[in-house]
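In the two complexes that follow, chain A is the common piece, with chain B as its partner first and chain C second.
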Partner chain A sequence: MFQFFTLMLKNLRRNILRTSLTALCSMLLVLVVTGVWSVLDFIDRQTEEKANDFKVLVTEKNKAPSRLPRAYVSSLREGAARGPDDVKPEDYMTWAFYGGTLDPNKMTRENFLFLIACEPEKAPTMMDELDQLNAADTARLQDAIAKMKKQANAVIIGPEQLKLMNKKVGERFTVNGLIFKDLNLEFEIVDTFPDAAQRYGQTSLMNLDYLLQGIDEYEAKTKKKIANGADPIAFVMLKVKNKEDYEKLSAQIVNSPLYNSPAVRCESAGSAVSTFLESWQTIFWGMRWLLAPAILGTLSLVIAVAISISVRERRKEIAVMKVLGFTPGHVLTMVLGEALLIGLISGLLSAGGTYLLVNKVLGGIPFPIAWFQRFFIPTNALWWGVAIGAGTSVLGSFLPAWNARGVRVADVFSKVA
Partner chain B sequence: MLARISRFDLSRIPQYPVLYGLLAALLALVLILLFVGRVPVSYNVRNLVVRWWITTMMVLAFVLVVGLMTVMLAFVSGMDALTGNSGQPGNIIVFSSGANDEGFSNLALSDVSNLERTQGIAVDEAGQRLASKEVYVIVNQDIPVPKGSPSRRRFVQVRGLEDAPMSAKVHGLELLPGSQWFSEAGVEQTSDGQQVLLQCVMGKGIAGELGLDRPGRQPLAVGEVFRMADREWKVVGLLNSTGSTYDSEVWAKRQIVGERFGKEASYSSFVMRASDIKQAPQLAETLKKSKEVALNAMTEESYFESLSDTSRTLLLAIRIVAGFMALGGIFGVMNTMFAAISQRIKDIGVLRVLGYSRTDVLLSFLMESMILALVGGLLGCLLGSLCDGWTAKSTVGGQGATKTVVLQFLVSQEVLAGGLLLSLLMGLVGGLFPAVRAMWMRILETLR
Partner chain C sequence: MAADEEIVRVRNVHKYFTRGSERVDVLQDLSLNVPEGEFLALMGPSGSGKTTLLNLIAGLDVPSEGEIWVGNDRISAMSESQLATWRTRNVGFIFQFYHLLPVLTAYENVELPLLLLPLSSADRKQRVMTALELVELSSRLHHRPGQLSGGQQQRVGIARAIVTDPTLIVADEPTGDLDSRSADEILKLLATLQHELQKTIIMVTHDPKAAERASRTLHLEKGRLVVDTRAPQLK
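The block that comes next holds the complex of A and B.
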């Protein structure tokens, strides 16, 4: 067995140029497929329904963006539970959005800031991936949240956003409100999201109370209603144990007489994300069913060409091997094995290299889709690379290997003679 | 594709000098190789035919790469056409101060009254000012799902209008035959008098999209009723398809849209046609600087241009993917050509002995790879061009603004030129190094 493996390695070494070109081609195409699948994998994970720790979004039923009156919040946090048998959420988080520009005379991207106004203490348990930080990052986040609880105008801003704004932790700045027009608020940056929380690179958190207080003060001072001030809440996020509780809670809320104007909608977080990504479905479909298969097809063809050439050049050698006692099965295995070796090694190297390059050097694939800014290569990609390399090499080399298996000694030597 | 070639518009060439310049240079190179090289073309063609299995696979690889790129570029091209067709020359769109999009804009009713009196608004043949007061909202529509499946909804863009025929005129739209505008009240009763239906007019794109919920998946037609936001809506008219974002909108009476979706006391936008089209940017700037009321105004063309961020992002992504695929393809071509040379070392020696120069050998092998690329590229373009006219749901957007749209894939002449250019570049780079290697082979060594 080992000798057979050595023979395959020697065969690959005989034409280093061809082996290298095939491997390079494999690596490049595996890189693209890995990138494409990483984006799709992330999107799939965001839209899948979880069996446990079900997150539920309560939004305005008929309109987007959703706007709920603040009077809804306190009862929604309780899941509109009224009787002892009603389901109560395990946790909650209220979201409102406050956006504006740092310089009203220069409305550029770097001057635009969009903040999530919420109860900051709920971030670690209710925002995805923040509960998976290591001890040091969790402690740092808790520290920043404690500062936000003490200081109403404190904000946490993602490192990428901070860089875009050209600001540092400790700096103060004023946002000129656009969503709540003319509501200008002053902030102080108390920390950034930890680097490990990569998806929050452009996210900013502020105190919900500070926003609501700002609206009240503005209206009291100017004696006029602020645009969107009557219904400033975007949605309330609730957490329940499982799907069964979600369904009960959903019925409780939707049928409650408390939420008639506007009516509310209750849906799982996965379903809500799916809706927002609905208009991207053609692009995702194209990536999944056109782009990735076409690249895999191209890779198989390139491998098929390389192996066909190799078999064609070694017909005499294969005939000699048969004379020496190698069976057709041996020949088939040898040719398939050579292709498999190239595929496996180049697939692994490519996926590993892509993982390091994208996650550690580039800081993600910058591909803004909906509110996702960057995509990272998951650790699963390491086996994807191996699988793609192996799969396409076996697929591409099967026909040439089958032809090699069928080489007839008499035919080869009659031509030589 | 043949139709596209027959409609080839030479006047567009100066708009894309790099694309057409490179393509012309590479096609010229193919011609030069064909006519300048002294080694007969039939020699190369026969070699490709003899190695038909490898040739076929290599051409197939080209077809896949170029075909895929054509489809991807046709999608982006459709997106660009959509935003490009949506803005009318001379139209100015006005939002509330600070807002860059209809979704965030809240124009007070009094501000719009003032805007209607702006000097420099064009008038139609009846002497009416070409201006449109609009409310724009995004409405959630529940999508029917099988029992037990997660709930689904879609976003439908609804535009509320004061004077729909005038708005259509401002946006360059017309009703299709058999259609009519909604009534002054914007509602009607069912024949049995039991129910009040909200009247609406819609673009063909959204009519097709909403029709997907029905068993036959047929687009909604005039007279049909659909459910949205807890009410029944009746389609009284369909807009002609102009390939603009308005194809993906539902239009209804402003009062109805405003009341139902919390915009009863404001407008989202005010669109007007400048009497002098060339003066539209200046007029927009004047409105923006107005001291009476704080507004944001821009030409409609520049507004829709600002919605091209999505297509720019996609185009960049496609270029990167195409770059990697092309590099992979180049390695594939190199492999094939190096193998072709190693199999024909003796041929090269014989050619040299017969008096063909090193350059002739170089040109001969380079031509072989270019023929492969040209054939693969043309077939790839042909395959990819089958997507022309496909419709797809997508999103267009820019800074803080997005619109859900139904767009058509557009295989433009630039898309085909891009596909062919990629193919020829792969052939050139992939074939060059093996050809150079063949050129430097010594006669004695090749014949040994």
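The block that comes next holds the complex of A and C.
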């Protein structure tokens, strides 16, 4: 077995340039497929329904972007429960958005800041992945949240956003409001999101109370109603145990007389993300069903061409091996094995290299879709790479291997003589 | 010679190919016995069918009609895979152009057929060393074919043919690509294999001098045996 393996390696070494080019091409294509699949995998995970810990988004029914009155918040946090049999949410989080520029005279991307206004203490339990941080990062996040609760204008800003703004923890700055026009708020940066919470690299978190208080003070001071000031809430996120509770709670809220103007609707977090990404669906479809298969096809073709050339060059050697007693099965296995070796090694190197390069060096793939700014290569990509390399190499080399298997000794040597 | 001493028995063999609608008869109603330990030369003009006959006896091809037996095996009825397995143990093949695998050393080339047998690494090594010593190439173990002369390559080819201790050694013009001195050495080596190891050898050749080394010479013409000549000492 080992000698057979050695023979395959030696066959690959006979034309190092061709083997290297084939491997390089495979690596490049595996890299692209891994990147594409990483984006799709992330989106899929965001839009998939969870069996437990269901998150429900209560939004305005007929308008986008959704705007809900402040008065809805307190009853929604209770899930509009009125009777003892009604489902009550296990947890909640209220979301509003505030954004503006750090310099009204220089409206650049670097100067624009978008903040999620919420109850800070709800972030660790209601925001995905923040509940999966290690003990040290959790403690750090809790410290920052404690500071936000104590100090109304405290903000947590993602490390990438902080770098973009060229600010440091401890610095103060003023945002000139654009989402709530003319509502200018001053903030102090108390911390960043931990590096492990990679998806929050460009996210900023502020106190909802600070926003609401800002709106009230502005209106009291100027005697003018601020645009969107009456309905500043984007949505309320509720957590329930399972799908059954989700359905009951949804019915409870939608049928409640409390929410008539405007009417509300409930959807699962996955479904809400899906709705939000509606305009991207064609691109995702193209990536999933056109781009990825086209790359896989190209990869198989590259392997097929390289192995075909190799087999054609070695017809005599294959015939000699058959004379020595190698069966058609041995020949098929040897040729498939050579292709598999190229595929496995280049797949593993490419996936491993992509993982390290994208996650550790580049800090994610900069592919802004909706509020997702960067995509990271999941650990699963390590086996995807190997599987892509192995699968396409076997597929691509099967026909040349089958031809090699069928080499007729008498034909080959009658031509030689 | 008694039938049970005949290692190769060819019975009424026809071999034909079809080219379009035309049938080309290469061998016609050919019968032949080769006793164990004989050194047989097959001669004849180009296209007379000698290589085809050699390929049939070596199990590289199957006859269109007729039977071929080697020892107790009716090889004319075997499948391609069965023939491959059979060849490993029973046939050593020597080619005109050596056909060594260029990526392997002399040692590895000789070892190649042994990879198909259930042998330990130590057993394989012992057999390879014995075969290479027999062809006086134990000092060139780690040389690749490109680093060896034609005569040396052919000796590696012979070592590869005998390493599995086959019943039958077949050689297709083994001296056809060699100068006269190297050719003479190879023929001596084949004669040694016959005399000292009692190997049965069937050799196709155009060279009358090479055929002189054989104990019997068969002449083929248009797919039929026309002359059967025994070497003087055996007549």
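As a convention for this text, the second predicted complex is superposed on the first by the 417 of 417 C-alpha atoms of A that agree within 3 Å, B and C clash if a C-alpha of one lies under 4 Å from a C-alpha of the other, contacts with A are read in each partner's own complex, and residues count from 1 in each chain.
To be clear about the criterion, a residue touches a chain if its C-beta (ideal position, glycine included) is under 8 Å from a C-beta of that chain, and two chains touch if they have at least 3 such contacts.
Quick caveat, the model's predicted, so the values are computed rather than measured.
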> Based on the superposition on chain A, does the combination of chain B and chain C result in a clash or a fit?
Replying inline: fit
> Just chain B (first), just chain C (second), both, or neither: which does A:305 touch?
Replying inline: first
>> Quick check for you: in the superposed arrangement, does A:283 touch first (chain B), second (chain C), both or neither?
In response: first
>> Is A:213 touching anything from chain B or chain C once the two structures are fitted on A? First, second, both or neither.
In response: neither
>> Output check: A:4 vs chain B and chain C. Expected answer is one of first, second, both, neither. What do you get?
In response: second
>> Output check: A:107 vs chain B and chain C. Expected answer is one of first, second, both, neither. What do you get?
In response: first
> When the shared chain A is used to line up the two structures, what angle, as a multiple of 10 degrees, is there at the CA centre of chain A toward chain B and chain C?
Replying inline: 90
>> Going by the contact rule set out at the top, does A:14 touch chain B (first), chain C (second), both, or neither?
In response: second
> Who wins on chain A residues touched, chain B or chain C?
Replying inline: B
>> Output check: A:142 vs chain B and chain C. Expected answer is one of first, second, both, neither. What do you get?
In response: neither
>> Looking at chain B versus chain C in the superposed three-chain picture, what is their shortest Cα distance in Å?
In response: 13
>> Can you tell me which positions in chain C touch chain A when the two form their complex?
In response: 51-52, 55, 58, 60-61, 80-81, 84-85, 87-89, 93, 95-97, 99, 101-104, 111-113, 115-116, 160, 172-173
> What does chain A use to touch chain B in their complex?
Replying inline: 17-18, 21-22, 24-26, 28-29, 31-32, 36, 49, 61-65, 67, 99-101, 104, 107, 109, 112, 176, 178-179, 181, 227-228, 231, 262-263, 265, 267-268, 270-271, 274-275, 278-283, 286, 290-291, 294-295, 297-299, 301-302, 304-306, 308-309, 312-313, 367-368
> Where on chain B does chain A make contact in their complex?
Replying inline: 53-54, 57-58, 60-61, 64-65, 67-68, 71-72, 75, 96-100, 103-104, 106, 137-140, 150-155, 229-230, 260-262, 266, 313-314, 317, 321, 324-325, 327-329, 331-332, 334-336, 338-339, 342-343, 392-395, 399-400, 402, 404-405
> In their shared complex, at which residues does chain A touch chain C?
Replying inline: 3-4, 7, 10-11, 13-14, 316-317, 320-330, 409-410, 413-414, 416-417
